[in-house]
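As written, the chain order gives the labels A, B, C and D, with residue 1 at the start of each chain.
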Amino acid sequence: MTDDFEPKIIVLVCNWCTYTAADLAGTSRLAYPANIRIIRLMCTGMIDSKYILKAFLDGADGVFIGGCHPGDCHYINGNLKAKKRISGIRKIVEQFGFDPKRLRLRWIGASEGPEFQQNMTEFVESIKALGPTSVKDRMIL
Amino acid sequence: MDEKNLQDIFYDTVYGRKILKCIQCGTCSASCPLTGLMEHGPRELFALIRDGDMEKALRSETPWYCVSCYQCVARCPQEIPVIDLMYCLKRMSKEHGLVPGSHKMPDLYQAFSQAVYSHGRISEAMVMAHYGILHPVDAFKNISVALQLLKRKRLEFFPRQIIGRRWIAQLPAGEKVRKDIQ
Amino acid sequence: MKYGFFPGCSYNSAAGYRQSVDAINRLMEIDLIEIPDWNCCGATAFFSLDEFKALALTARLFALAQASGFREIVTVCNACYTTLRKANQILSSNPETVSRINKELSKEGLLMEGNFTVRHYLEVLYNDVPAEKWSKNLTEKFKNYKVACYYGCQLTRPWGDLDHMEQPTILDRFIERLGFLPVDHSARTICCGASHTVSYADECGLLVSRIIREVHAKGGHMITTLCPLCQFNLDSWQKNLTHPIPVPFFTQLAGLALGLNPTELGLNKLLVPINKVLSREL
Amino acid sequence: MKYKKPKIGVYICHCGMNIASKVDVESVVEFAGKLDHVAVAREYKFMCSSPGQQMIDNDIKKLGLNRVVVASCSPRMHELTFKKACEKAGINPHYFQMANIREQSSWVTRDPEEATAKAKDLVAAAVARVAFHRPLQSREVAVKKSILVIGGGIAGMQSALSAAESGYRVYLVEREPSIGGHMAKFDKTFPTLDCAACIMTPKMVAVDQHENIELLTYSEVVSIEGFIGNFKAKILKKPRYVNEDKCTGCGVCMEKCPARKIPSEFNERLTTRTAIYSPFPQAVPRTPVIDPEQCRVLAKNKRCGVCRKFCEAGAIDLEQKPRYLDIEVGAVIVATGFKAFDPTPLTNYGYGRFPEVYTSLEFERLNNATGPTSGKILMKNGQAPKKVAIIHCVGSRDVRYRKYCSRVCCMYSMKFAHLLREKTDAEVWEFYIDIRSPGKLYEEFYNRVQEEGVHLVRGRVAEVTDIPDNQEDFGRLTVIAENTLTRQAKRLLVDMVILSVGLEPAEGSKDVARLVGISTDGDGWMTELHAKLAPVATPVGGIFLAGCCQGPKDIPDTVAQAMAAAGEATSLLSKGTVSTKTEISYIDPDLCAGCQTCLQVCAYSAIQFDAGRCVSVVNDALCQGCGSCSVACPSGAAGVKHFTDKQVMEEMEAILIQECIYDR
């Protein structure tokens, strides 16, 4: 692990809650590490397992999924479906040789700009602590 | 040290920044049982600190009147830990030599801690003896109560000395104010 | 039932507190094991002067309890109770301070680790001793004695987890269980002046008289407390009042309810005598 | 459609200095120009301005661009603006993608180099994605010409009246036996001191008599399905046990009912009512209801039937059952209002312990001509108070309860002070933290009250106690507060205390929000689409907000918002049609195996199974595009348009691979 390791982190968020929270973090000028790359989806319920695996295989150091709090899903219960699916994917991610700690799911509501900032900061910290993924090295070779 | 520095030091303590939430409603000052004795209540103290009038704030007698009853904390609409801030101000004023000379509580606390250093425990009589040297009038006022206690075998002068008293006496002085870890 | 016990410095000189606690322990089969070589908790004085030392003093207590195999410490004093709990909370979130303190403690061969539970003796009597155990042994004769429960300020604060911060009822419920008549009043948690009574006697006298007047107005025959300092302040500052009200400890009332005689419970040590109230037919 | 090779235009916005101060726009432009399929990359100060849009228009027309990427602010802000620009210039609006380099880069990144690098990544991702975008067409669907209003307080009533006036059918649903809400409980209204009943009662009658309004009191909305323009709602009509068609409203039943000692909700429990009751004399409709929990027959199975015996119209029907009503509406206006904060948890104010401590609503009733004392301000002992304290901000501006300012309490408190001065010779002391009087004639009212001799003390009350300073004052209350202006702690002996309690969302408002599919904020208020620019619309098309359900409001603001909501709803209805969503699911019939897994996961019942072809089919009017089916489909037949696997994964790949190509 090197000190100047800057991980690349894919953040898959739902349009209604967490994307709005990210916007709010922006309008409130709440700075967080630049390692974050947000991809907007309509609902965490549409996140396919292959998105997550592809992210890791293409060299992402961490994947963060942010959805609405239970009960607040714009599509009734898409977030809960996502939760179920992601606990399953965790095992597959591990089988592929990635630390499952690199995959994190959190509920961040539309009004929670500071929580978004905090979650991003913490996740980047924890990925930095884990270091680069081994697959990345393989790819460069 | 100038007042700006003192303000920064205060803000860097564990709860220092909490006073920025104060809406100056006066609930703390009105809740305080000894508010009548204070030149200004905790509310005003926070206003002084926010204005940067640090010397006035640190020389204030207000924190030394605090009895730690937590009435203000129980009622503060902004959940400001007033009592912890009072402790912090007392320690800061001690560290910077700004303890108000007119107030008697520093002497009582000193008497209390001396008893702890020498015996590990305290007895009321012993604290009174230490304190009475500095404030004979207060001690005198208490004599009639002391006699009554003596009559009922409730007064013992020396607390039992404990083995750990030497350990307590050798404790290094800690930092007076704890910094905010974040 | 066995507990680590921290008596606190005022326990011995408090009017019959030790006698009554011992008596209750005997009858209720409670084993309070005094923490060996315990020291003063530091009270408000040390927190006002040097926080590190204040934390070290309490940490030593925790370490001593730990060495004796206790993670739970019972106190009989509101000030000790709050000081220990406060310190425990600070220590448990400041590992760095703990390790510095442990370096000091190692000179005495002591070590403090983890969290400790600090409880007031009232909790033990109310929650741990089954209600039936009380009711089995009670006498009926106190059912018309109106008792005002005075909680003092620190028992329920600053967290309010034992009971409501301003309107606690746990002592009222206990007193009722003992067969007394708790009286509703508004002075439950207002301050008695604490240690400031020494230096600012006249002003604190007003605080005490406010409590006594309120209890008198609400018809209380006595005031019961659970803290040596509260008891002392309420007991000793009544000399100028026209209607002094005796201030027994809650443990002394428990002893009376169980049929023990007043002297056995140290009730003769109260400055405002209780005999008149006890001998009155109600 | 013939496939055309992507020809992408990329536009980087400075957003004044909002982006340009952090992101090196020029280098992003240079970078974007080298990306695959990019035909042109430009920068401009404000892309959303009309010259900015014109620039896109020109390039599409002159350079033959077929795809556009704008890197600027959040798509929540201007996606629609640019989509429209694309459409105007002749390409399908879905051939557009936005990169959010303001909220996600310049505003949240400290280091300019990092911000620039991130902006490049985001642009590359958008370019990669847009290359795989497909044109999508929406369909026009007719809009139902009726409106559902939930809540019959002043907000709901005004919305209903305004909408009904423009000729649309309105269903007004109120869960209580009468419309009127909180305003019906008031005596006077600030700052003009109009009599609330005088301005309220005519409106209630107008609602009742309006030919376009169907009034459904004592009813609740059970479910709402569908989408903008085409909602289906199910309304529960709770049994009144009184036939509305037969009842003449004579009130004999209420006089005779033997179950009398029930606390009156309308009078804030200061008086009692009977089991068969009408909440107040001016109630609309006048038909009373029988409280099934208090009626001797219904609750206790006793023989009674007094009301039935005395009802000459024969309107009493104890056999009545709940009825359900299915309605179809084009728009819904939510007007569920507020609830007054219950001050019991603030034990230091003694509410519930001291009889002379009142909440503001209790005082409203005490002061009301139809209230328990017929409008005389009297204490429980029948005497007029000599000294009254009014405590502001009870429950409000308090992080332990309600952190926000409830907006109306300062003004109604001063109204109380005025009424007390007018009706009694009591001394009035108001304890406030800050006086908030931002409204037309509000500050003037504040001045007037001050001149009337009301004592205004700046300080929040710490405690109301029954321990006085002097022995002879036992029995009265002492209010303790610091006058923060004179810096004195005050102990004020009073006879009566009024707690100016704050506002919180009405009970059940969260359920209503869930019913219509909108969210509530941390305090429980319903969230509008945009705090400034769309204050009555919600993120769900066709659902509008009026009154306090969206946040604390006074009567003028409530009425204004109610009219605005009615305006929004009627403009939707008058347009006549809405376009269907384009970003919805599709199921490829060639791949569908007919396993019907998608039917189980769809939360909207938007997928039907075509047994003939043995494939699942998406109903484009019902599908919301959540993508549950797409993920669940084992054969990969289901997908979401505009969020296809290919599009999402290209976006991701561009971000991740980019680094390898350019940074290392």
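FYI, a residue touches a chain if its C-beta (ideal position, glycine included) is under 8 Å from a C-beta of that chain, and two chains touch if they have at least 3 such contacts.
Keep in mind that what you see is a predicted model, and the values were worked out from it rather than measured.
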Identify the chain pair with more contacting C-beta pairs: B-D or C-D. B-D
Which chain has the mean of its C-alpha atoms lying nearest to the mean of all protein C-alpha atoms shown? D
Dist(centroid_CA(chain A), centroid_CA(chain B)) in Å evaluates to 49
Let me have the rounded angstrom distance from the C-alpha centre of chain A over to the C-alpha centre of chain C, please. 52
Of all residues in chain B, the ones touching two or more other chains: 36, 71, 74
Residues of chain D that touch two or more other chains sit at 348
I'd like to see which chains touch which, written out pair by pair. A-D, B-C, B-D, C-D
Complex interface listing, chain A residues touching chain D: 8, 10, 16-17, 19-20, 22-23, 25-27, 29-32, 34, 36-43, 45-48, 50-51, 54-55, 58-60, 68, 71-72, 74-78, 81, 85, 109-111, 117, 139-140
State the interface residues of chain D toward chain A in the complex, per the touch definition above. 74-76, 100, 102-105, 107-111, 114-115, 117-118, 121-122, 125, 514, 517, 519, 521-522, 527, 539, 583, 601, 603-604, 624-628, 630-631, 640, 643, 645, 648-649, 651-653, 655-657, 659-660, 664
Contacts from chain B onto chain C in the complex sit at residues 33-34, 36-37, 63-65, 67-71, 73-74, 81, 83, 87, 90-91, 94, 104-105, 107-110, 112-113, 115-116, 120-124, 128, 131, 135, 138, 141-142, 145, 148-149, 152-156, 159, 162-165, 167-168, 171-178, 181
Any idea which chain C residues touch chain B in the complex? 9-10, 12-15, 37-40, 42-53, 55-57, 60, 82, 94, 97, 104, 107-108, 153-154, 157-158, 160, 165-166, 189-191, 193-196, 198-201, 203-204, 207, 236, 268-271
Contacting residues of chain B [partner chain D, same complex]: 23-32, 35-36, 40-41, 43-44, 71, 74-75, 77-79
